[in-house]
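Next up, some structures in structure tokens.
Next come two complexes, and both contain chain A; in the first it sits with chain B, in the second with chain C.
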Partner chain A sequence: MNDLLRRYGTGLTWTFIGLTFFWLVILVILPDFKLLESSFRPYLPVVDVGGPKDVYSLNNYGQIFGNEVDFSFFGLHFMLAARVKVFVLTIFYSGVVTLITFILAYPLSFYLAKVVSPKSLPTLFLLLFVPLWVSEVLRSFAWYIILTLKGPLNAALMALGIISKEIRWIDGYSPVVVTLVYTYVLFMLFPLYNAMQSLDSNQIEAADDLGAPWWRIHWRVILPHAKPGIASGAVMVFMLSAGSLLVPAIINSTTGNWFTQTIQGIMLEGQDWNAGAAFAFMLLLFCTITVSLAMRVFRVKLSDIAK
Partner chain B sequence: MSAGIDLDDVCCDFGKFRAVDHVNVNIQPGEFFSFLGPSGCGKTTILRMISGFTEPTEGAVRIGGKDMRGQRPNQRPTALIFQNLALFPLMPIWENIAFGLEVRGVDKAKRRARAEELLALVDLHDSADKMVSQLSGGQKQRVAIARALAVEPSVMLLDEPLSALDLKLRQHMRAELRAIQKRTGVTFVYITHDQGEALAMSDRVGVMSQGRLQQVANPRDIYNNPVNGFVASFVGENNILKGDVQNVADGMASFATAIGTFRARLPGAAGKLYVRPEHMVLQAMPGAENSVPVTLTEVAFEGNFISVHAVTENGTNLVAELRNDGSASIPAAGSQMHMAFDARNSSILPDSATAGG
Partner chain C sequence: MQNNRRLLGHLYMALFLIYLLVPLAVMSGAAFNASKLPTVIPWKGWTDQWFIALYNDNRIWTAFGNTLLVAIAVVVIAVPVGTAGAILVNSISGRVRAILYGMMVAPILVPGVVIGISTLLFWHQFSVGSGLHLSVLGQVSYIASFVTLLVLARLQSFDQGLEEAALDLGASHGQVMRRILLPHLYPALGAGAAVSFFQSIENFNVTLFTRGGADTLTVYVFSKVRSGITPTINALALLLIMVTLVLAVWYEVNRRRNARIEAIREAEGRRAEDAELVAT
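Right, the complex of A and B next:
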């Protein structure tokens, strides 16, 4: 604080602090708090707001139950509320997206960090960045076009003789998963790349010299070192996927609802902000729990991720 | 089990740059062999070729008589100790040491027992469960040695492993390394730019410059009978005088320089005259031969010796190191004296091994 005052003077210092405070408190904390507060209140006509009916309850949260549907999950069949089903599948498929991005990003980041010559790095990074110059909306539509029934993917597979009849790709959760992987894979790649780059190459050579085959070098030396990077990449991809509205809104099939779409339906179409807020907080809560559990399982500390 | 190493006319190119140039040397089983040279002389490349991280462009590397071409580092009977040690910071000490055994599928209890044994060998009891970051520099050093010994290599390769330690510890570790080598009987190949280390520890030393092996000999011969000017000046200090060789007889020659004509040994080709400072003596009167009048410019008392800088009439600088035997008087700067040396302690040497040969 004193350091800031000395360096920038009173005027600038208080401007910085004021702006940060405004952004954090007025634009982030207060609206969230208001939303949290209203999630416990019923959706009432304007005249009844603040009246005797306007009392705190968990009714909005309870709305996730009801309207039971058949649910089959890895061979298990049971009845589940329609919204709970969407909720569970959203979290599950966000996990799938995270896993796929990891599988794609791990070899690539190892290649970039330890194999490729530093001279060609800028070119390779440019190639990775180019897709980011196109907006997420366009990229999602592009995937829609690629995956559509008479689209280029089916046409190419037919032409190559791999399939004889078009496959309905836009079905279930696969199109969302594919597009989310494509959209967020770089959020996994860069933390992983950073983590691997900080590994002393001599350690890889030392393990090699002691007789370790490549897979053991990865398992015992490189992977443990990259763990904080994997964790921060996984948290980002998972949270972004679970919270993504745009991608599922554009590319989703009728059989693959994302929970954010449920929230959007309640808030914008049903105009029930109270229930919408309750659902949004449930999603946040469960994502946080999932992430914390995963971190516990993989023995990663929050301070590791912050690195 | 130790094995000898043959470097058979080995060359190594990086692009157009020749890092190692026709090196031939036979390292005996159980020998402590050092490659000594300035940075960039190719000594690390030699080590990497023996360990398998680099393949020679020409020539062959043989370990225990077997050609190693095409053998990956994890297939060779060598263990490398890296300059920065490259311990695994996320594993406890014992897992570090037992890593090579883990790779070979040894079960956990045996690995642990072997790690404890090796820790005892390097005098590090009770450290098995510590993490690398909890150890001091010297202790990490020992862990690195234990980790390399665990795979029972025939050859240990050490890449300046002492360079990060402070002076006291370095001197202690020299003796330690030598003792471990004697105890295990493993062939040690040691890379260093520190002549003191090389001379103190090695059975034989190979002095390198610009990718070429200049001289291979035991430490005494390296110091006392260098084959050329590079070896003479890289290993120890010298007074170097330019001049012309005259009257060669019985390996001795007269050497005419700007400050007089001196008699000196001529072991090979002609070149410059080299006299070590500790072979210079100061006299009040001129000697019969190899003596030159000087004015002392600087006298520094260093404890075990006295360093005397002097200048001749024509401005040539000479240095003498006088042993401090506790009784001799210390000459004063500015006094006029004569600096002299024994012909047997001075050599006329060519600059360095000629390129392209």
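Right, the complex of A and C next:
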């Protein structure tokens, strides 16, 4: 702090502090407090706001319960509130997306980091980046076209004789998962690549010379070294998936609702901002818990994830 | 064995690229299909009608203008704010630094839905209605984090001795900032501006809740997809992909030329050295 004053003087130092204050307090912290405060207040007509009916309660959070539906999960059957079910399934399928992106990206990042000649790397990365630069809305739209009932996927499979009748792909959660994987796989690839690239190839050769089979080299040498990359990629993909509204809304599978769609419905169609705030806060709380858990489990710091 | 595995790697890489690119090709192809629905099957013949429809669609052009305005506003606010944050956090240490750093990085991981709703509610209590100005503020709150990270990385390689020297030689604080710190940060500021610009264009979640009645390109495309899609969107998609490709190819050509020039210079340097050795 004193160092800053000495180098840039009072005026500039206060400018830095002022700008940072504007960002962190006005744009981040106070809105989040307002979100929490609003979530305890009832949804009232304008004249009643601030009146005797405007008291704090947990009613908005209670709205997640009610409307019980049948729920079966890995062979277990029980009754669950419809919105809780959507919440649980959103988290579960975000986990599935994270796992699939990891399986897809792991061999590729190893290939990019250790196999391919460094000369062709920039070109390959450019090819990988092009789809990333195309906007998310268009990438989801592309999958919507592919998966529709009369779309090219069904036509191709029928022409090949693999299926005899068109399959309704846009049903349940699988089309959402497929599209999310496509949209976010590169967010897994780049951190994994970064982590593997810093591994000394001599270690792999040493293990190989000492007779370790290829899978043991991956399990004992490469995987442990890539752990920070895995953590950061997994957190990134999981958060993006769980918080995605665009992808599930464009795919619009009526039997595959995402929790963000529930929030959107309450906010924009129901116009109940207070209940919307409560649901948004639940999502925020859940995300905070997940990130801190991931940091604990993988023993990484926030700075590792942010890379 | 080793060769087989290499081959497998190349094959996987090729398949992965196909996987990434085929959906984009399918989407672009549908832009030329005369069918009223955006699809490549059945093929009803070539047409350019969707591009003409796109050209005549005024709402798209308004949305496009809005997107650019929002993106420019985000860059103008997020770059100074994020840079100030980075300089501040870089000059302190210990626990305060860790907390401040955490607060600066965390917005990246917060779901856009949460940012959008909290921004809307916060400004609403001061009777600031929704609209694109709120979208800008909401977007800045997490896009500034990217700028901070880029600037912090660049500050690692900064030699503070230069500033000390300038101060000893009688430079004012403003001059130290303008002549020494900022020039060192220029690459990071440029990258930060580019990242902010593209993040803003991409943004959907924050904008959806804060925009009021105004459209940005992403929101407009989204509402089009939801309500009666026409291949106009595919025509737009193709144009956007083409822009991306042109930029990518331009970048690659530039990179290769620079690499070649570098190689020639190195070779010349070596030859000159050899010649000198021979002469002595």
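The definition used in the following text is that the second predicted complex is superposed on the first by the 270 of 307 C-alpha atoms of A that agree within 3 Å, B and C clash if a C-alpha of one lies under 4 Å from a C-alpha of the other, contacts with A are read in each partner's own complex, and residues count from 1 in each chain.
Criterion: a contact is a pair of C-beta atoms (placed from the backbone, for glycine too) under 8 Å apart; a residue touches a chain by one contact, two chains touch by 3 or more.
For clarity, every value in this text was computed on a predicted model and none was experimentally measured.
After overlaying the two complexes on the shared chain, residue contacts for A:9 are found with chain C alone; chain B is out of touch.
In the superposed model, A:225 lies in contact with chain B only, and not with chain C. The wider contact with chain A, measured as residues touched, comes from C rather than the other of chain B and chain C. Judged by the touch definition given at the top, the superposed model places A:216 against chain B, while chain C stays out of reach.
In the superposition on chain A, A:68 contacts neither chain B nor chain C.
Of the two partner chains placed by the overlay, only chain C lies in contact with A:151; chain B stays clear of it. Of the two partner chains, neither chain B nor chain C is touched by A:54. Interface residues of chain A, counted against chain C in their complex, comprise 1, 3-4, 6-9, 11-12, 15-20, 22-24, 27-32, 34-35, 38, 104, 107-108, 111-112, 115-116, 122-124, 126-131, 133-139, 141-146, 148, 150-152, 155, 182, 214, 235, 239, 242-243, 245-246, 249-250, 252, 260, 263-264, 267-268, 273, 276-277, 280-281, 283-284, 287, 291, 302-303, 305-307. Listed in rising order, the residues of chain A touching chain B in the complex are 200, 202-203, 205-213, 216, 220-221, 224-225.
Interface of chain C with chain A (complex): residues 5-6, 9, 12-13, 16-17, 19-21, 23-24, 26-27, 30, 37-41, 80-82, 84-85, 87-88, 91-92, 100-115, 117-122, 124-125, 137-138, 140-141, 144-145, 149, 160, 163-164, 167, 172-174, 176-177, 198, 201-202, 204-205, 208-209, 217-218, 221-222, 225-226, 233, 237, 240-241, 244-245, 247-248, 251-252, 255. Contact residues of chain B toward chain A in the complex are 51-53, 72-75, 78-80, 82-84, 86-88, 90-91, 99-100, 102-104, 147-148, 150-151.
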